[in-house]
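Look for chain A in each of the two complexes below; its partner is chain B in the first and chain C in the second.
After this line comes the complex of A and B, so read on.
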């Protein structure tokens, strides 16, 4: 029994920042890197299943990222996962969710897990697409924003709860293997002490490149690209007071101002 | 006076006169039983202690032994904060000690030296002088024991109430009434031994009233003689005295043997355990936490056998005097922690699990809900203010024990989830407030001058700003004021800007040792690249860890707290104080500056230089009452149903009356007291101000053209 958890090292933005020269992202000096908040819950869910089964499951953490992403991977390993897989190739710099899913699908083929967990979304880009795309590529069932999970090693089906609009709760059953995107609050993630993170350096991590997975730079070319990223000027609102005539005059003034600009 | 009708050398202590052989046999058998019981009990206790991890805390032996003897003879630690109990204890200690020595000397002569060498000395003037001393010692002993009984029975001291704040009355171990009974049994057995000793002495005198070698010398035992005359007056004759003497002799003797035999099994053992504990005492236990190898398999104490032999001895040294119980801010505010009860729980756990010939199978878990187990919420209640460890008369080191147990809890994730974002922020950004590294020096933007970048150019004084002083909006005002004072005084100083991380004092105290070491090592590496003569900080927590804990990690610096720098600058005339502040103030000693590092005087000198009228609170200096922020508690919310330690402290200040300012000297105290002054409804009665703000006010107030209000100056600052 094996659970594969896909995690991401995200960028946490400072409250003051500058854009990169090409205007397609924030200058990385203004980022701090961290394990994606949602992924803490996905890892915890996998560990809880393992622990409830008396350790009958292996939890493998996979991430797509450069050396920097090791910190996120080690944090997840420190919580109690058995081993890690990190895939990187410079051609993945501009990867989008679907490209990442293509890479992950190859890792899934290689690892042959019984379940794959991802976070419901990443806190930096928020596409919430990687898990779904991965399930599509694998031809597995997928459930998004899973808020409760009933599954133990050996089960053919997993029962999941999902929160819907209007406070509705949906209970569904999926056949395994499946890809589940885990929502915040499903559990109380444990803390990885710094000592634990350091000691997680002893845990085995497979470092793979595209060729190890039978992929090439061509096959992982992103079909979408960021054209521009910028902070739009703040919108303004003004409550116009006074008599109807005064209000009309002010309104006309604003219209002129905006047209002039 | 020694008469002339007989050889003065015949004057001696009557021991076994008129004893038939069987009595002698019974007596010596009883003695052997008592000593056997004592010896086995002592062995079993030592075996218990040795089941802990070896600490080597008793070396260098001679030096530590001499120090312990000095402490014991002076009763320095026992007298602190409870002089009458200390003096009474001294009478018991010396009275009991002298009487014990007297008896031992008799044994030495009668049973060992005499039979072996024929040498005897227990007669003549030596005997008489000794007899007089013992008589006086006995009266002192009885008087002190009576006082102790009075104290327990009638003074109603809360610190002698063993009911536990971490248990409810329904719990089996709630009131620890066993200890109360033991206390009384101890006092009664001692007083009975002493009193029967006198009556025995008097009976012997009456019995031998016709023997000049006894009767003529009776006033060398004045109290015995008085009782003897009293016995005569009520009609007891020589024969009656003989009968009395025989009965009392056995009663007194067997009681004394029982006492000796019971020493290792009862609180009496504190005679030895307290000495051993005092010998092993680490004078820095309150300010310097034990180092741990973070690469080891495990960290901290989760099982009883993780404790060192010294700590296991500490448990048995505790005499339940309650000084720590009384000093603990968590206990005072109703949190489920009393340092005394913590130690007693561990003692009982050790007695239960480590006393048998074989250790129980499997680990002996410390934390849990079982009887004698420590509950995690007890450990999380601690503020690491060091009040318990500092006041303990027998050298129990509660603080490092608590942090060691916290280390294990952190590793197991057994803590309030609220703490997790804080710890993750510390891992990610090096501060506890969830702020980015880049934001750290942002407070400097409010200055109209630039502070030197200590990373880029040499400075005289490197200012280690610290977390709260950098980010907390209220503390930032103080930080800015301090920058302006240093600037005004022409001090060559600089800061580390966004590369500064927390000094991690509280990270270590919350129990995240791995993170502490990682941050401290990064800081030391950074400081090694900077060129400076000394470090200054406004934060006592930063001060403490850099001063006391960084050297072990390879960073040794000259470091001063801001209050010491201000005191020096004022004394040297670098800072001019043109105006006296005629405030009535009181001063709250921050634990980490005061109790932990003896920084009591500089802030008080500054206040006196400012012309402030300083009125001390009942608890000040070493007995200062923690604001509640320490040990990482500032990161955890206080349950609304409990009073905050800061509120208790502000209330204590409010009782002074007519107060203008409660002066604090620490960013965390400032944060807590600002809360406490509101929570206790005192915000309209007096203000909370940092010492630095008062100095800034006095400096600015006197300047021409700026005399329109000190308050405004502080606001601007």
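After this line comes the complex of A and C, so read on.
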């Protein structure tokens, strides 16, 4: 029994940033990198299933990213996953969700997992697309924004809650294996222990390129291309200055004016 | 002459209102000779055709399903069949939770161009350009779809004014394609009883976010909201931690502050999901220690400071 969790290293933009010379992305000097917040919940859900089954499951983390993305992978491994797969190729530098899904589909073929989890979306671009595109390529059952999951190794069906608009949830059964995108709040993600962090450095990570997966830059063609990236015109609040007492007094005044009191 | 296809959504037989926003978005790239068709899949699709007969809609395609249950595989099969038969240049649908399930998979089945959560679209010559946000809304991205005959877009909700007016579209019945369905509807879980909390109806909301830091700090804001005559709201982390009822959560997975005229956001950085529920409010006051928090870009007034200190001082005024 194996659960594959696909994670992303997201880019957090500095407050001040400059565009790349070609105007199609931000200059890479202005990023910090981190494991996507949603993916903490996806990893945790896989680990909970493993632990509830008495360790009868292997949790494998996969990411598509360059050397930098190794950090995100190790962060997930440090929580208790068994091993990792990292795929990178220079031709993936401008990959979109569809390209990433095409790469992941080959990893799924290779790993033959019983379940695949992703985060419901990434906090940087929020495409909310990679997991479900992956399912489409695999022809697997799939559900997005899963906020509750009842599944144990060997189950033919999982029971899920899909979190819909306005807090409504739909309870569904889904045939396994399936691709599920995991919503925030489904569990309480653990922090890695110091021991886990040390162990993660030693855990095996397969480093693959496109040719290892029988792919080429042409076969993983993106479904979109960035023509231009730019900073939006932003409004700016009128900042209330002064001491805390003065700021609060002005705020109270605003409230009373607007409330007609 | 091109064809545009809009995929309608319904839940329990009720049309997803953002469908009409997707129609409005599609209309922005519709030219004289183009034809715009809306496809609706439900147990009684004819019953929803009237609501879809809005200005700019030339055809309503009805697909009668065995039930109103959401079946991503069925939607995908309908989209693929229609796309293959009609070769639309654009397929648009609302960026709803249902679309999160079917749109990316339908796009890879078609090998079409694809972008999600699109804020604006336009044609430049024969090129379709879709604009979406990136890096936590700090940038905008214009996307193009070179070499794609068809492009599938999901349209951010609450951006386009829903299409109105009326039309006399052609009605076309389409047989539901055969497909395996691997999801079964078991039931609904309604949001926990709101207990009289009415975010959508409130005209004055004091809202707290991650900055509140600890459950023990929440009570003083309930009291402050009460003294000020406001409804206490919150952002997602506060509700996820169980510190406040889910009914108080403002944002995409919570409530839309539909009637609010004054919104005080304390310790809320302003994620896109939170903004979805409150960005439209005329008077937003943001209190945050981080001067770069994105909440300040949509607020009318801002205080760069500690929410607890401000709250304590505010109590002296109410």
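Quick note on the criterion: the second predicted complex is superposed on the first by the 230 of 261 C-alpha atoms of A that agree within 3 Å, B and C clash if a C-alpha of one lies under 4 Å from a C-alpha of the other, contacts with A are read in each partner's own complex, and residues count from 1 in each chain.
Here is the rule we use: a contact is a pair of C-beta atoms (placed from the backbone, for glycine too) under 8 Å apart; a residue touches a chain by one contact, two chains touch by 3 or more.
Note that the coordinates shown come from a computational prediction; the quantities given were computed from them, not determined experimentally.
By the document's definition of touching, of the two partners only chain C reaches A:174; chain B does not. Once chain A of one complex is fitted onto chain A of the other, the partner contacts of A:15 extend to both chain B and chain C. Within the superposed three-chain model, A:137 lies in touch with chain C and out of touch with chain B [touch as defined at top]. Judged by the touch definition given at the top, the superposed model places A:196 against chain B, while chain C stays out of reach. Partner contacting the larger number of chain A residues, of chain B and chain C: C. Contacts of A:32 after superposition on the shared chain: chain B is touched, whereas chain C is not.
Comparing the two complexes, residues 12, 15 of chain A contact chain B in one case and chain C in the other.
Touching chain A in their complex are the following residues of chain B: 294-295, 299, 410-411, 413, 415, 417, 419-420, 423-424, 427-429, 436-439, 512-515, 518. The part of chain C that touches chain A in the complex is made up of residues 11, 70, 72-73, 76, 95-98, 100-109, 112-117, 129-130, 133-146, 148, 182-191, 204, 228-229, 236, 240, 246-247, 249, 252-256, 261-262, 264, 272, 283-287, 292, 296-306, 309-310, 313-314, 316-318.
Chain A makes touch with chain C in their complex at residues 11-13, 15, 17, 26, 96-98, 101-102, 120, 123-133, 135-137, 141-145, 159, 161-175, 178, 181, 183-185, 223-232, 234-240, 244-245, 247-249, 251-252, 254-255, 258-259. Remark: chain A residues 12, 14-16, 30, 32-34, 188-191, 193-199 touch chain B in the complex.
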